[in-house]
Structures are given as C-alpha cells and as structure tokens.
Amino acid sequence: MDSFRSKIIPVTTILAAVVVAWYVFAVVLNAPFQRDLDQRANESPGTAEFIGKTLSQPKPTLPAPHQVAVNFFENTFLRSVTSNRSLVYNAWVTLSSTLLGFAFGTALGIVIAVGIVHVATLDRSLMPWVIASQTIPILAVAPMIIVVLAAVGITGLIPKALISTYLSFFPVTVGMVKGLRSPELMHLDLMHTYNASRAQTFWKLRVPASVPFLFTSMKVAVAASLVGAIVGELPTGAVAGIGAKLLAGAYYSQSIDIWSALVAGSVVAALLVMVVGVAGRLVDRAMGGRPA
Amino acid sequence: MTGQSPAVVSASKLGLTFQTNDGPVQALSNVDLTIGKGEFVSFIGPSGCGKTTLLRVIADLEKPTSGAISVNGMTPEQAREKRAYGYVFQAAALFPWRTIERNVALPLEIIGLSKAEQAERIKRTLELVNLAGFEKKYPWQLSGGMQQRASIARALAFDADLLLMDEPFGALDEIVRDHLNEQLLELWERTNKTICFVTHSIPEAVYLSTRIVVMSPRPGRVSDVIESTLPRKRPLDIRETPEFLAIAARVRDGLRAGHSYDD
Amino acid sequence: MSWLKPSWQAVLALALCLLAVALGFAPKPDAATLAQPTTKWLIIGMLLVAALVSAARLAPVVEALMLFIGAHLAAWLLIHSIGGFERTELALTLPGIVPAIFGTWTQFIWNAMARGAGITFFLLIAAAWLLAWRCVALLAALRPTDTLARTALHMIIPAIFGAWILIIWEAVTRGAGIPFILLPPPSAIGARIAGSLPVLGADVRQTIFKAVIFGYVVGSGAGFLAAIAADRVPFLRRGLLPIGNMVSALPIIGVAPIMVMWFGFDWQSKAAVVIIMTFFPMLVNTVAGLAASGHMERDLMRTYASGYWPTLIKLRLPAAAPFIFNALKINSTLALIGAIVAEFFGTPVVGMGFRISTEVGRMNIDMVWAEIAVAALAGSVFYGVVALVERAVTFWHPSVRGG
Amino acid sequence: ADKVTLQLKWVTQAQFAGYYVAKAKGFYEAEGLDVDIKPGGPDIAPEQVIAGGGADVIVDWMGGALAAREKGVPLVNIAQPFKKAGMELVCPKDGPIKTEADFKGHTLGVWFFGNEYPFYAWMNKLGLKTEGGPDGVTVLKQSFDVQPLIQKQADCISVMTYNEYWQLIDAGYKPEQLTVFNYSAMGNDLLEDGLYALGDKLKDPAFEDKMVRFVRASMKGWKYAVDNSDEAAGIVMDNGGQDENHQKRMMGEVAKLIDNADGKLIPEAYERTAKALLDQKIITKQPEGAYTTAITDKAIK
Amino acid sequence: MTGQSPAVVSASKLGLTFQTNDGPVQALSNVDLTIGKGEFVSFIGPSGCGKTTLLRVIADLEKPTSGAISVNGMTPEQAREKRAYGYVFQAAALFPWRTIERNVALPLEIIGLSKAEQAERIKRTLELVNLAGFEKKYPWQLSGGMQQRASIARALAFDADLLLMDEPFGALDEIVRDHLNEQLLELWERTNKTICFVTHSIPEAVYLSTRIVVMSPRPGRVSDVIESTLPRKRPLDIRETPEFLAIAARVRDGLRAGHSYDD
C-alpha cells in the first residue's frame, strides 16, 4: 500500500509533465500546416483560436494528448472486445503471438546459451552466426518466412510467433551466456571437488547464479518479442493486431489512430516488462536475495 | 617416511608457476612429500608461501607445471572423480541462494543420498559445529565465523576418506576452536581419515598433527618436516607439557627461518 | 581395436555413402545429375577414404586435415556436378525455358530431390557434412599453446561452420531447384556482391556510418544516463522507470513513420529510430547492473563517507560493466535492424533498407541478400569490436577470467 | 468447389472491390469456385507468394510481373481489369513546380517497390538526371502516405487518383491548388492492376478452365461494383477496409480506371509498357508469351 | 570509566534486532560502553555474539533498534560523514578490477589526496604489511592472507583517528601476526589513535589492548570489561610475564562463562 502510494505520486507528476510538454510540441509541430491551411482558406485566426485549431486537426502531425486519449478510450472501452476495431481485441491478437514467441524465444535462447557454455564446438562455431543472424533486418525476411511457411501450410499464430522468437532469443542467449559463466571460481572449484557432473554443476550452481542475468535479458526479450509480433502482422495482410492498426493508420495518415495504437502497444509492453520484473523479484526473494 | 602405510598423497619434485600480467610467479618449487593413510599432516608457513596452492594441486584444482603427484595411487584427477576427498576452502564459499542447511546438503545431493540420510547428516554436522537453530538462515544472515563453521559442516557431511582443510578454524575464537579441534581429533581417530590441514596457529598444528610440514615462501618449498612424538590420544592440557612446547618451539624456529621478517 | 576409433559422424557418413552406392545400382538411378560416372565415383571414393582414414588412430591435426580436404573437395565437386541446375544464368539468358517445379512446399522439395538433383546427391552432401562436423569437433578440442595457432583456430572453426551453412544452402536451392526469387543460392549472392561494390559501399555509408553509429552512441548513452538519473533521484526512479519502460519498448514500425515525419527523410530520422530502440536495453541493463555490486563493497564506500558520484564511478559502474556490455552487445545488432527497417518508411534513394525494399519490388532478390550479407558482416564486426572491448574492460569478471 | 487463392497487391480497399464483391455476392460460388482472397501490404511481393506456391493467381502491376518473369517466375497476364493507370504526381500550386520545366533542382516523392518505373521512364523522356544536384531532381523514397508534401519534405509527391489524392483533399488542399501530372494523361503510364497466373500451370486445361471461371466471375464482380459503388464500398468495409467514406470515393475513382469491365488486355498498352521497361533496362529482352487473351476470350463472350 | 578523556564512542542500552525470514534475531542487547580517546579496546567473544554488529553500529553501517550511541559526540552518521574512522572488514572486500596498489589508493582518491601523497602512503602501508612487490597484482592472484593484509593496508592508508578492525589478523600466521601486532601498537602509540579491535585470540587481545570487552552471545551482551594493567610500551616478551598471563586467564574465564560449550 505504502509502496503503491510512493509510486503513484511520482508517476502522475512525471506523466503530467509529459502531457504538458506534449501539448507544447503538438502546437509547435502542427502550426506550420495549420498556417498553410489557413492561408489557403484565406483565414487569419487569433492566437487562441489558432492554438485550438492546431490541437483539433483530424490528421495532425502530432496529435494532442486529448485526441489520443479520446480515440484510445473509444476504441478500448466503447467497442465490444470482439470487434475488429477494438483495441482490446487487437492488443489481444498481438499479445497472443508475443507470448508464444517469447516462450519459444526464451526457451531457444536458453538452449543455445547452454550449448555455447557447455560444448566447445558450439562456443567457437555457433556464436558468430547467432550474432550474424541478428543483423539480418527482420522486416526484410519476414515476408519470405511467412510466404514459405504459408506454402508449407503453417499459418495463423505460429509464423508471427516465430518472428517474435527470432527477435527475442538473442538477448536471452547473450545474457545467459554471461550469466551461466558468472559463478565465482571458488564455487566452481567447490563443485569440482565433489566431482559434480556437468548437469549438477549446471542446475545447482550455474542456473541460480545466472538468474539476475536471465530476468534482465527477459525484460529486453519480451519487448523485442512484441516488436516481432507486430512486424509479423504486416506481411500476413495486416488483418488484426496492433501492427495492423499501425499500418492501417499509416496508409491514411490517420495519426490519431497510429498514436492510440502506439499507446496500446506501449501499455502492453510496459505490462509485459512489469510482469517479468515482478516474476524476477519473486524468484529473487525465493532464492534468499538480500534486500538492497 | 611412513613407508609402512600405503601413501595417500605422494609428490615428488612438484613445482607450479602462475603466469600473471606482470610475469610468472613461482608458487611451488621442488616439493617432495608422502602422506600415509591415517596421517594428520599440518601445513604451516608464512602467508603467500603456497599452502593453498599445494592443497589445490592435491585436489586437482590446479595442475602442477613440473614434477609428479599421485593421490591414492592415482592421478589427482582420477582421485577427484572417485570423490576421494572433502575440501574446506579458506573462505566459506557458501551459495548465497541456499539456506545453511541446503548448503550443507549440496554435496549430499550430488552424491545422491536419500532425503532421510541427508537430513540425518545435516543435523549431525550442524550440531557438531554448533550451528543448530540456524538451518533456515541464509549465509548473509550469519556472522563470519558461523559461515566458516557452516562450510566445515558441509565438508564433514561429505564424509570422504581424505580431508583437505585450508585454515578452517581461522575465523573462530579460542573456545570454539578448542572445541572443534577436539571434535576433529576425535573424528580422525574414530574414522581413521587422512587429514591435510593448513593452519597459522603453531599450537593448533602441534596439537592436531602426526606430522607438521613447514613451508617457506617465494618460491614455496618445504623447509622442514617435523614428526610429532605425541600420543594419538591428546587431551587439551597436553598443550602444557614440555614435550608439546618443545615441538612448538621447533616449528616456530622452522617458521622463523623461512620468514622474511628477520630484521 | 587399438588402431580404430570411429566417430559416430564417420560411421554415419560411411553408411550414407554406401546407401548412395546401393541406390546407384537401383533400377532407376538418379536422372539428371551425377551422370558423369567418373565424377560420381571420385566423390564417393573421396568421402569413403576420408571417413575411413578418420577412423584410424591418427594425430587429431592430421585427421582434421584429412577430413577437411575430403569433405570440402567432395562438396565442391558435388555442387559443380549439378551445374545444370544453376538458375542464375539460365534465368537471365533463357527465360521461360527451364520449367520450374511447383506444388506445395513439401511436395516441391521431395519432387525436387527425387526428380531434380537426385537422392544420391543429398545423401552425399549429408555425408560430406557429417565429416566436416567431425572435423570441427576435432579442431574445437585442440588446445594449442601457440597463440598464433590459437587465433587461427578461432577463425577457422566458425569459418567452417559458416561455409557449411552456405554449402547446404547452395545445395538445397540448386539441388532442389528453389525459385530464384524466393531464395537465391549463395553463389549468385556472392556474384552480386562482387558486382555491386560501389552501390553497397554507398548504402553502408548512408545507413551505418550515419544513422547507426550516431543512433547507437546517442541511444545507448541516453539509456545509460537515464538509468543513472533514475538511480540518483528516487523520485525519478519511481516515476520515470515505468514510463521509460513504456515509451522505449515502442514498436519500431509505429515509430519509424513518426520519426520520418519529424526529422525528415534523411538519416536523422533513422538515427532517431535507432536511439529509441537502443535506449531500453541499456536502461534495463544498467539499472540491473547498478544493483549488482556487493554489500560489503558498498559498506566499504560508506565508511569512507564516499559521496554518490565517487561510489558510482569507483564501485558501482565497474561492477555494472558486465551488464552494460550486455546491453551494448544487444544494441549493436538492434541498431542495425532499426536503421534498416526505418528506411522502409521514406528515405533518399540510398541506404541498405532502401535498397532491400526496392530490390524486393524489382525481384532482384540476390541484391536483397547481398545487402543482408553486408549487414550481417557489418553487424558481426560491430559486435566483435564491442566484445573485444568488453574482454579488456571486464577482465576481472569470472566469465572472462576463467570457466 | 475448386479452390482458388488470390493474392492482392495491397491491403483490403476498394481498389480490389471487384473480387470482394464477387465473393460476397456468390459469383464465385456460382462458377463452382471457392476463392480465398489474401490481402497484401507493403511487405508482400505477390510474385514471391505465387512462386512459393502460396497463391494461384495474383493482382500485380505489369512492371513487377515482367521483371519477375525474367527471374524465372513465368507469370502470364490472364486479364487486365484496370485499363488506365491511377498513378500521378501532384505538386501544390504555392510550391515551386508548375510545369515539367520546373522540376530541375527539386525533390520529388516516388514510390518504389516496383512502382518507380513509370516515374523513371518519364524522367528519362524529360532528360533529367535523378541523382540530385541542380541539374537533376532529388528523389525521395516516399512512404505510403502524403506526409512528405504536408511536411514540405518534397515539392511533389506520387499519389493514386483513387487514394492518396483524396487524402490531400482531406488535408485541406483544394483541387485547384494542386498541379497534377497524370501518367495516363501524359501517355507515360504502365499497366497497373492485372491478374497473373503461372504459365506452366496454365498449360493444364483444368487449371485454365478454373481461371476462365475465375476471371468471368471477377469481372462480373467488377461490373457490379462499378454499378453499385456504395454497396461495393460496404462490402470492402466488411472485409477489413478502413474509413467507409474514403472507400466510397475510391470506388468511384476506380470505376473510372476500369472502363467497361471486360478485363481484356489491350495489346498496344502492353507493347507500350514492355517498351518502357526495356528502355529503362528493367527487363533485358522483349518478353514472349507474357500475356494470353485466351482466358478473357473464353470468359467474356 | 575513562571519564577523564573525551568519549570517542559512547553507547547506552544499545540493542539491535534483525528481522529475518524465520523470525527476529537479537544481535545486540543492552550494550553500555564508553571508549575514550587514545584507547585500544579489544572485543572478544564467541562466534556470532555480535562483535561485528557492534562495530557496524559504531560505523553507521547498521542502525540500532534501541538505545543510543554517539561517536565523537555526534551521531554515527555525522561521524561517518566526517570520515572519523577507518574500517577493516572481516573479509578483504578488495575490488577485483583494481590492482593491489589501486585498491589501497581507493580511499585516498575519495578524500582527494594528491597523486604524490597517494603514492607515498601506498608505498608506506604496503611495506608495513609486507606486500611490497605485489603492487601490480590483482586480488585473485594473491593468497587469502595477502588479500587480508592488502585490506589492512587500505585502512591504514586512510589514516583516520578511529580505527575499527574486525579480525584483521585472522588469516595470518603467528610470525606475521606478531610483526603486525607490534607495528599496530607502535602506530597507536605514535599517533594516539583510538582503536576498536575484534579478535578471537586471547593473547592478541591482552597484548594489544588497554581494555578488553568480553561479549556473550544470543543476545549479544557485554559480559565483562577488563582493564589492562600492562604499560603502554609492550615488548613482545611481555606475553610471558605473570601479569599478562593473569589477565589472559581472566579473559578466558569471562569467555568461557558466556559460552555455550559448557559441557
């Protein structure tokens, strides 16, 4: 309760500051076009009226917070959650492939990290290619992946989830390789004196020691996974999901729609990161973590 | 030296050189040593002379760069794989994410003891080091000495025939130390374990050992080996006997000879 | 038995070779390829010899060398033996003559394997690959004392691994007759790279030397400073971190058009996307890293009444370095992806992302892959540099010191 | 029913109303077809989809189709619903560009992804370099929206008559405030939305028959859509289109490009397109057999 | 007790209870203590009795949960901020990314000494603990005892008027220990520092201290305070005098009384 209140005040204060800055930017960024517009329409409004107009354009360069808020509110709460236009529905579509991809990605990332830490051949040969794989611009190959998978008959959630997997396994691999190698030498020596098997050293020492690295990586991975899910929605015809909303907004310069989809995406991202963070803290607590 | 009993540790011309950023450091040089079954050998010598390194070589945690060593007639590696020894490190090396009792359970889990037997050994060894009541605490909730005792309990629970102990009692007060010395002697006598024991305390070395190896530094060499003439059964007050004091004096001399504070 | 120590790879390779020989005598041997019996027997013979020799008790270096030669020569011959399936030239010079085989994907592969290059071809490629695997395993187990040899090994092993990715890719695309515009073979990509160096160079300059580097430095820097600010000011920590999480985990696809709108279509908007993408990993990792210093060390600094900044610089940042480098490594690849993707949303007519999206439209898929290859190379170099700096800076960390 | 998969070139919008109408109104069903319409998008190359076996027939622009042909995908035009091109370049009248002579030294927004050919053909004709500098034009790869004009990042931008043009109008430009260079009007147009299938599959009479029925039903759909544009826009909305008003207007504009909805390819238009592509070295050889009138001849009597 | 000289540390009814996952642990209870300027006070007591905790309270690393404490007449926090003391931890706590010499330099950098003065102090203190020649080594390249000596050097280089030392010589052999004991006494005499010293060695406590505080465990209390009657100047062989032995015996009795191994 206390921690709740100690969070609420700073968050609202900073949010308020962001909103004020946002309004200022909105006026500044929308003004040139409004001036053009007025000029073309041969109007010369007063300052207050002008500012009002910059904040109520239908397709503003930067929508004002209240425009986004209204749009967000309408599309979140006023539409049935099964409607194609509901943000809740679209967020759910994205979230489901995000979660699936994140689960795959985390598992794959850990498996690769374990391989790299334990098998000299993999450490030497695989890591450079894992890195190279991440420099492939996913948006360029995603369509090909989707086309190929569709040809094999895999459609729906899985192709999108695979793109999430592709983006999210990497942070986990990098973090876990570090984490699995982070035990103190003395602890490794101790396991050595017990002639512990690799599996035992792994489960009893390397895994617990890597936990802080794992959760930090998972926070990054879950955000990457969301990006992957959104990217994956584009070449599948952008039918539903936050990515589809973003794209549809972009075709028609519906900046307010874009922004409210972005807000929805961020809310989902923040929630996911928060859930991973809380999970991390719970695990730390269960492992006898010392309060800072 | 103790040719009659089979050698548990036997080293000849053992040398070890570390490569560091500013040149090689010779930690051990030309060490010859044979330790028979059931012996209690103490290593004593100035700080940095190579005692830990020698123990680590026996334990297959460091590879010697010259000379030969065998443990139980095998290479240290084979001996380690046979779980021939228990090791108490100079620092406690407890896992921070395990409670004390689970730290002690660690080696037992690894050798695959049943839960019941684990519980029994944990209880027994924690009582031995007087940590009953602290089973559920995490290491950072214990004092330095308590952590060290937990790590001793962990090694004792492992119950190997050869015990390698690196200053196990350094962080303990005299009373606890006396108590644990007695317990260790009693254990040694009862189980006929072989014990290699690093210490800085001359009385402790003399009280416990059948043989005392005095080392001198840079490079670490064995400068003296002193056979104890004390009986195996040793009450605490043996430490006031002239025989005891004579041996202690000899150790002190050996120590001082190899020392650099001669000024 | 003492002179024999067969590895499972060699045994399996042997079995595959024998199977290929057996199939060769089957009533309907492979139709189009390996028609030249001499080449065919040369390949099979070479693989058999390599497999058998590797089973003998030889010095690992010798064995690895034999395997290396056998496997790669066989692979080279194999791929050359299906020159008739080379699509690049055919497609360019004789459009429409080569009948492509269509159908669902699986059928497609199977058909291709049966009718195209032939089962034998794939069996032999698999055998060669197994031998190369054995070779890599041997090399990875080598522990040369010579630093030069060590460095060489560090390059050779991933190179063999990578070469096999390419060989298998080449074999599958050409052996199975995969349409050029779906996936061109590496040889065609290589040829395209060689023929388009000036264009690729200009794209790299635009995308990497302008957008990526600037964005990476500013984004990572900003994430770092934000983490410090959040650490320094508890008010910010509680208020900024949740909002920071939110803003910085924004999807690029949504942000890129906005950045183009705000910062113009040149590299500045791409840099802005990179900044946003790299900010978050750095923030998260630095925050985690700042919590990683030990309690006793922090107490020590307290006893010196060391202020916030000295403690930060002398204790907490060094202790956080492994985490910070994690972020720098992840960011080195993210930055590249971000910049390229952002170029899909409006650019001048140069840049890696521009080229990729444009050439896809022109069906010059080999050029697309050429850009991808360059991106992968640049990204790996970037990552490698960061990793080297990491080793130098966090030399004390157990993950670098040993294990 | 026979299954047919159609891959569109772009997202669901009135540009493809004919197909959606044919499906919604049961025209396909009446021909014994079960048609699956896959929307496209900026990331989808229909040529790749069909080469990978993901579609039986695609909507494509001729430039892209002929280019793919040279890369070994034997695309054949089986029908050409759009008789005229909808692409144009627009410049605000208050800007520097009023006529073709003013282009020099200015920035022009162009769509790439295979849509840049008409533009380059035109510049070729005007003798303008496209590498920037005072003697040429600076080309900006334009996003799918009209922002570059609104943000004044370009002096002229590409629009489709049926889509982006109206977004400019919505953004407050009046038609009389815009200078329009229409590719069709200038005779620089390349053929846009046509239907393409793979040549070797067409050799199979069963497949050919399927395509005949498909084209017949599709053109019926187009005819219905042109005649009932509001209803057609509604059907597009039901299939995931955005902004009903906009779709209605788009339907009206698309109708102008369709002409009489017979779907027949006009060979002169084909020749002109092929020549323009050859001139620019987009393709290297005069294409052979890149279209067939057999299908439309059978479909539309 | 030493009412004449101004109190450096003064605690009354001091108590500290830790909250742990399985209930509160009372580490200190009702501690009354005054330490005057220039005193050398040793704390001795069984492992886990609260010695480290008491030192940590003085150093403002732990907040007492009851009672009052002042250092140099201020709160411990103010004293800490004035850099009133140097602290030697029970473990070495060296930074792995700094060489030994730079570890010693750490506090000097923080208080902002000139490079020259830093170099001078580093040289002097490293020589004092006999680590000359190891300046450029990293902590993990040193033996346990050498690490501990480096941490002592670091505290001595800091040169505060109050020194809090938690078992600084625990990991050292007798010879080095004797040497460092002498050095410490010499330093104390010369500089008139106040020293709070935790040790497990009774002879060490008696040899060094002007006062010996004996503590007993669970909860940690002061069970006895023994004033030394030895002169300030103490040659090493004072340890054989009857007076010395008498004090040692008294300490041992106090210790044993508070101990739980009475069996």
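In this document, chain identifiers A, B, C, D and E correspond to the written order of the chains, with residue numbering beginning at 1 in each.
The rule is short, and it goes like this: a residue touches a chain if its C-beta (ideal position, glycine included) is under 8 Å from a C-beta of that chain, and two chains touch if they have at least 3 such contacts.
Chains and their UniProt names: A, C = ABC transporter permease; B, E = ABC transporter ATP-binding protein.
Bear in mind that the values here come from a model prediction, so they are computed numbers and not experimental data.
Shared contact partners of chain B and chain C (ABC transporter permease), listed by label, are A, E. Inter-chain contacts peak for the pair A-C, counting C-beta pairs in contact. Chain C (ABC transporter permease) and chain D, compared by their mean Cα positions, are separated by 37 Å. One finds 52 Å separating the Cα centroids of chain A (ABC transporter permease) and chain E.
Each chain gets a centre from the mean of its Cα atoms; for chain B and chain E, those two points are 27 Å apart. Shown for chain C (ABC transporter permease) are the residues in touch with two or more other chains, namely 104-105, 108, 182, 257, 261, 295, 344, 357, 360, 397, 401.
Annotation for chain E: residues 21, 91, 138, 140 touch two or more other chains.
Each of residues 42, 45, 48, 52-53, 143, 145, 147, 151 in chain D touches at least two other chains.
In summary, the structure contains touching chain pairs A-B, A-C, A-D, B-E, C-D, C-E. Looking at the complex, you find that chain C (ABC transporter permease) touches chain D at residues 87, 90-92, 95-96, 98-100, 102-105, 108, 179-182, 257, 260-261, 264-265, 343-349, 354, 357-358, 360-365. Only residues 56, 59-61, 80-83, 85-87, 89, 91, 93, 95-99, 106-107, 109-111, 138, 140, 158 of chain B touch chain A (ABC transporter permease) when the two sit together in their complex. The residues of chain A (ABC transporter permease) lying in touch with chain C (ABC transporter permease) in their complex are 6-7, 10-11, 13-15, 18, 29, 61-62, 120-121, 123-129, 131-141, 143-144, 147-148, 151-153, 170-171, 174-175, 178, 181-185, 188, 212-213, 215-217, 219-220, 223-224, 226-227, 230-231, 234, 242-243, 246-247, 250, 255, 258, 261-262, 265-267, 269-270, 272-274, 290, 292. Of all residues in chain D, those touching chain C (ABC transporter permease) in their complex are 42, 45, 47-48, 51-53, 64, 67-74, 112-116, 130, 138-143, 145, 147-148, 151, 153, 198-201, 282, 284-285, 287-289. Those residues of chain C (ABC transporter permease) whose C-beta lies close enough to touch chain E in the complex are 294, 296-297, 299-306, 310, 314-315, 318, 321, 394-397, 401.
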